[in-house]
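Here come two complexes built around chain A, the first alongside chain B, the second alongside chain C.
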Partner chain A sequence: MLDITQETVKSLRRRLDRREISAEELCSAFLKMSQAMSPDLNALALITADEAHSAAKSAQTRIDKGESDVLTGIPAIISDNIMTEGVISACGSNMLAGFVPPYSASAVEQLKNAGYVLVGKATTDEFGLGGSPRSGIAVSSGFAPYSLGTDSGGAIRRAAAYYGLTGLRPTFGRVSRYGLAAFASSFDQIGPIAKTAEDCAIILNAISARDSLDATSFGNPDGEDFTAKINTGVKGLKIAVPKEFFGDNISDEVKSDVLEAAKILEKQGAVLIDVSVKMTEYAAQAFCVISSAEASSNLARYDGVNYGLRGEGASYAEQIVDSRNKGFSSETKRRIMFGNFVLSGENYNDYFVKAHALRYKIKAEYDEIFNTADAILTPTVSDLSEKDIAAKRLLPDFCTASASLAGLPCVTTTCGYRANGLPIGMSLTGRKMNEATILQIADSFERNFSPELFEVAL
Partner chain B sequence: MSTKLIPTIGLEIHAELLTNSKVFCGCSAEFGGTPNSRCCPGCSAFPGTLPVLNKKAVELIIKAGAVMNCEISRLTSWDRKNYFYPDLPKAYQISQLNAPACTNGCVEVGDLEVRIKQIHLEEDAGKLIHDQSPKYSLADYNRGGMCLIEIVTEPDIHSADEACAFVEKIRAMLQYADVCSGKMEQGALRCDVNISLAEENAPLGVRAEIKNLNSIRSIARAIEYEIYRQTEAINNNQPLVQETRRFNDATGETFAMRTKENAHDYRYFPDPDIPAVALTDSEIEAIFASVPEMPEKRYARYTGEYGISAHEAEILTGNKLLSDFFEAALKEYDNPKAVCAFTLTELLRRVNLGEIELEALPFSAADFGLLVKYGYTDKINRGDMKEVLREMIENGGSPESICEEKGLFISEDLSLVESVVDEVIKNNPNPVEQYRAGEQKVFGFLMGQASKELKGKATPAVIKETLERKLRG
Partner chain C sequence: MENSTFEVLCEASQLSFADTEKENFMERLSSIIEFTEIIKNIDADSSSIEPQNSVSLGDLREDTALPSFPAEKLLANTEPLFDCYVIPKIME
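Presenting the complex of A and B:
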């Protein structure tokens, strides 16, 4: 038998349903991995062993009654900037050290209803600002078969790329943002990080819903099954390859592996189209301006008055300065300062307004491509040396910012390995609300590239 | 030497909307309550919570726009106004900068025409309490997130009287439209005054903004003080600065709060959490159609159709509750002059004495109308109406049961009147002789004797007629 901590959600579901393993055994296996390895990896902010055991027990009861849902009894890790009722959700910040929310994010609420088993909270950059790929560690290390992460400028996709996983940023509005501590409101999305596109589809089915608590959410109005096109191949699908993503800004290794992947998809029956997205080079800058502006406002609520870290001082002004000084990291402070700068009266038109204009241009360019194409294939990380990145003044989300700006769904899956053995990811961006097609393409590629993930030991 | 200076005044009126819940969460929007009992993670700005717009608030602001003859935006959107203050948990106020719901309106007050620049929606802040300790302040967030509209006028007002008349008019209109309770004492209507002085036809002078005036009286006093202060400064060649000032109710003076030089940069930007609201013509028409009759229309009906005097009609329509009460009483007894008279004398007298409140009268308008009907159709003596009303206030009960109990109903028994009058004539031979000899003034004495005996059993008219007939012999 394979190590079950390396199996997919789909496969674990079968094992649970066939009574090859109990929910409690599954839970124990993942907890054991978490407890053994997390301290070294600094991957988990918190391990919720007691809660996990009791959730696993109720899940097993549900399975035994024949009332199980597709995620019943399946362990999960939730990023720490997503609120979990009664469980510390500190958002990676001193400001919220020990903060226990009296409510759960709506996406978490849905997993709860499905009978999920929370193993722990994944560490995050402070309020998700750095967009680090950390939430991938928990899944690649076998702490849970999937995690819920957050993606503003590309964190979920980078997590998948760095750790050889599959991560989906859903269409903006597909998953409720209620309970996700806001970083950049017009970009933030909760999405799954798992081992396969099929697992991502299963999880999206569970967490996409219109939510009366998030006015920008539309959920799944057509009651679509996102797994419907899984394992149906890619015959006839048109995949656009924009040249701006295959220039000097991307390492040769990444370029050749992604283009190689394109050829494999072509062999599977897809049609490749060469396209151009001229605004690509400005995407990360536009994202940086708008997201920092929104962050400066979103993080202003952390003033130590009603909750969170309260500093000292003789007056309100002194106290709030001290609270925020002690509560935020220097990187977060830099972002807040930058956000305030671009929103200030004298700079608003030069930065904020221009960044918005770019956002609409990029959106229009993508819309144009989707008149003919079904998906756009790009690398996920540029993977240049630190020296090159500094010289080119590249921002880390060069490859991922465009989909964020356009609010489009984007899935990253593994398409190769570097000489040093580390994974390389590719991203497929889809039409608005068309996750099913990009998941279909990623799935088709994965079945060829990582067949072992689809073998279920009996 | 002093020159003739003309004040120019623009107002910003904040009115709390009559919604059941707050503007961006489900908390109760009722006034008061135990401190911090009407807040949730949303209006307390807990991490990850999001604002969801109360649709009723949009309906009410459009109603306000309708009564002030505004243009209504087909697409109305929300912006964040960023600033730190402990009464504002999110550290930004959701407001409308770029696309306010209503623009370009106009309100007439007598001969004065005041242009309305815009009406926009925003959320109220919490309340800070500073007088409990020298070491700390307390915060009550019950008011935080209540729906507020801000009505911004053009600088079309030129005196304290005009400003007060305008605010009174706006208050009545908002009350009539069921948009705002108008209760200034509860802070449901507050006013900021922008005022500057300049010679006629000269460019506008340096303006001061007086914040947060919460009674008509303080609006008048603050404006009068500012006219005095700015006149003094100009006449003494002292420079005025553009600044924000507060009014001190105790001294009747205004004092500087902060100068505009240090004004905040609020870093406004469109709120990404709240989608813009698109309204169709038919939705706007439906809201316009739901606006009830405004005070000036009622005034016209009262003075025209009902024949009530201008002064009385003004008092009745000046307060929607009073006017509504009056109209409900008319449903019971359709005699506007009679109902108006008793309303303005007895009812208002008792309201002014503080015995009763219009908001919570201990009797119905129908019972009040019935009482007036009894008095004016000779079911009881008119002089007894006051006593019945007092009973209704003090001990409750319907006019019918009270009149019954106190024996106030006038009997229709004419034979009783005849016999009582006969008796009076028989027992008072001297006055009767005097009357018959032409001394008319003793009639009053005889009338009194008969009335005493017939108290509540006959109208004065019947007694008088019978007595005169019998005296003539």
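Presenting the complex of A and C:
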């Protein structure tokens, strides 16, 4: 048998259903890997061995009764800024160190109902501010076949690109944000990081639901099966390639591999269209302004009274300041201060209003392209040196911010490897609520690029 | 960035900085302001902002009472002391 910790969700489902392995054996294999490697990789904030064994036992009972769901008995990692009832969810912050939530996020509840097995919580940048890279390490290292991460400006997609995985940012509203510690509320989305687009589709089927506890969620109103277009090829699909993402703001290696991927898709039957999205030049700045403004508001609740670490002080006001000084990291403080800067009276029109205007202009540009195209192909990370990034005034989320601003679904998959062996990711952005098509395209590419992922447990 | 602006932002953010860390933090804050100031040149004002329609305000949940969380769950993060919970002082 191949190393099962490197198999896909779909493959493991087959093994469980055929009784080639039990849910408890599967759980033990992933736990063993987590316990052996996580301390060195700093990927997990917590390993939930007892809960995992108990859940695996229950899952096996369901399987034996013939009542299993597609995710029953399949281990998972959840990012630490997503609430898991009874399991510490500290959001990577000293402010919430040791916090045990009394409820689970709605997306986690969906997985619980499906009979998932929680192996551990992935470490995250404070309140998901920088994203879910450790969720990517956890999956690529074999701690679980998939994880739930969070994506505001591109974290899920960058994690997938850095670690040779597939990551999906669903349409804003597709997955409930209830139980996700708020960072930037108009951007935050929960989504899967897995080994294939097909696995992402399976997980999206499980977690997309209208939730009365999140007024912005619409879930899956048509009861769509996101796996329906998997393994159907790309014949006739129109893929737009925006020139702004292939200039000197992207490394030659990345540019070359993403454009090569476009040619492969063309050979598979897709039609490539050259397009322009001029306003994306300002996307990272607009994202930075709006997300910091929202973060400054969301993080105001952590005052040591209603929530979080309690500091000391001679007065109530001093106590709150001390709580926040001790509870937040330096980078979070910078974002809070910048958020208050752009929201202040003298800067509001120059920064916050302009950033919002840019957001609508970018969305309009994308809508225009989607009048003719089915997806937009771009790199996921620029892969420039820190020196170049500073010189060109870019942010790490330069490639991913546009889809976040427009609230559109976007999937990243591996399309090549750098000279040093590290993966290169490409992103496919789709129309609102059209995850199925971008997953279809990513799947078609993966079957050509990583056939080994589809050969196990057939 | 002027010191007075920084102090106003500290107050709004409910944060404070020791003199030893203040200069470094002001530099880092200035760098993010400098990075984003390019958007000031965008030709747009609030009239160009259209509703995004991402929130279904006509579909909010009924304002009905739901069962509360069990008290022991809500108090799970407090410090237990004998048969009581220690609730930190809130009012001055």
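The definition used in the following text is that the second predicted complex is superposed on the first by the 454 of 458 C-alpha atoms of A that agree within 3 Å, B and C clash if a C-alpha of one lies under 4 Å from a C-alpha of the other, contacts with A are read in each partner's own complex, and residues count from 1 in each chain.
In this text, contacts are C-beta pairs under 8 Å (C-beta built on N, C-alpha and C of every residue); 3 or more make two chains touch, one makes a residue touch a chain.
None of the values given here were measured: they were computed from a predicted structure.
In the superposition on chain A, A:450 makes contact with neither chain B nor chain C.
By the touch criterion defined above, A:6 lies against neither chain B nor chain C after alignment on the C-alpha atoms of chain A. Judged by the number of chain A residues each one touches, C leads among chain B and chain C. Looking at the shared chain after the overlay, A:344 reaches both chain B and chain C. By the touch criterion stated above, A:177 is placed in contact with chain B alone, chain C being left untouched.
When both complexes are overlaid on chain A, the residue A:303 reaches chain B and chain C alike.
Legend: residue contacts after superposition of the two complexes on their common chain; A:54 is shown touching neither chain B nor chain C.
Of the two partner chains, neither chain B nor chain C is touched by A:28. In the superposition on chain A, A:286 contacts chain C only, with no contact to chain B.
Once the two complexes are laid over each other on the shared chain, residue contacts for A:320 go to chain B and to chain C alike. On chain A, the surface patch touched by chain B in one complex and by chain C in the other comprises residues 99, 102-103, 186, 212-213, 215-216, 296, 300, 303, 305, 316, 320, 340, 344.
Residues 98-100, 102-103, 172-173, 186, 212-213, 215-216, 218, 282, 285-286, 288-289, 292, 296, 300, 303, 305, 310, 315-316, 320-321, 324-325, 328, 330, 333-334, 336-338, 340-342, 344, 349-351, 353-358, 360-361, 363, 393, 395, 407 of chain A are the ones touching chain C in the complex. Considering their complex, residues 8-10, 12-16, 25, 28-29, 32-33, 35-40, 42, 44-46, 48-50, 52, 54-57, 59-61, 69, 73-74, 76-77, 88, 90-92 of chain C touch chain A.
In the complex of the two chains, the chain A residues touching chain B come out as 82-83, 89, 91, 96, 99, 101-103, 105, 177-182, 185-186, 212-216, 293-294, 296-297, 300-301, 303, 305-307, 316, 320, 340, 343-345, 348, 352. Taken together, the chain B residues at the contact with chain A in this complex read 41, 44-53, 80, 82, 84-86, 89-92, 137, 139, 265, 267-269, 272-275.
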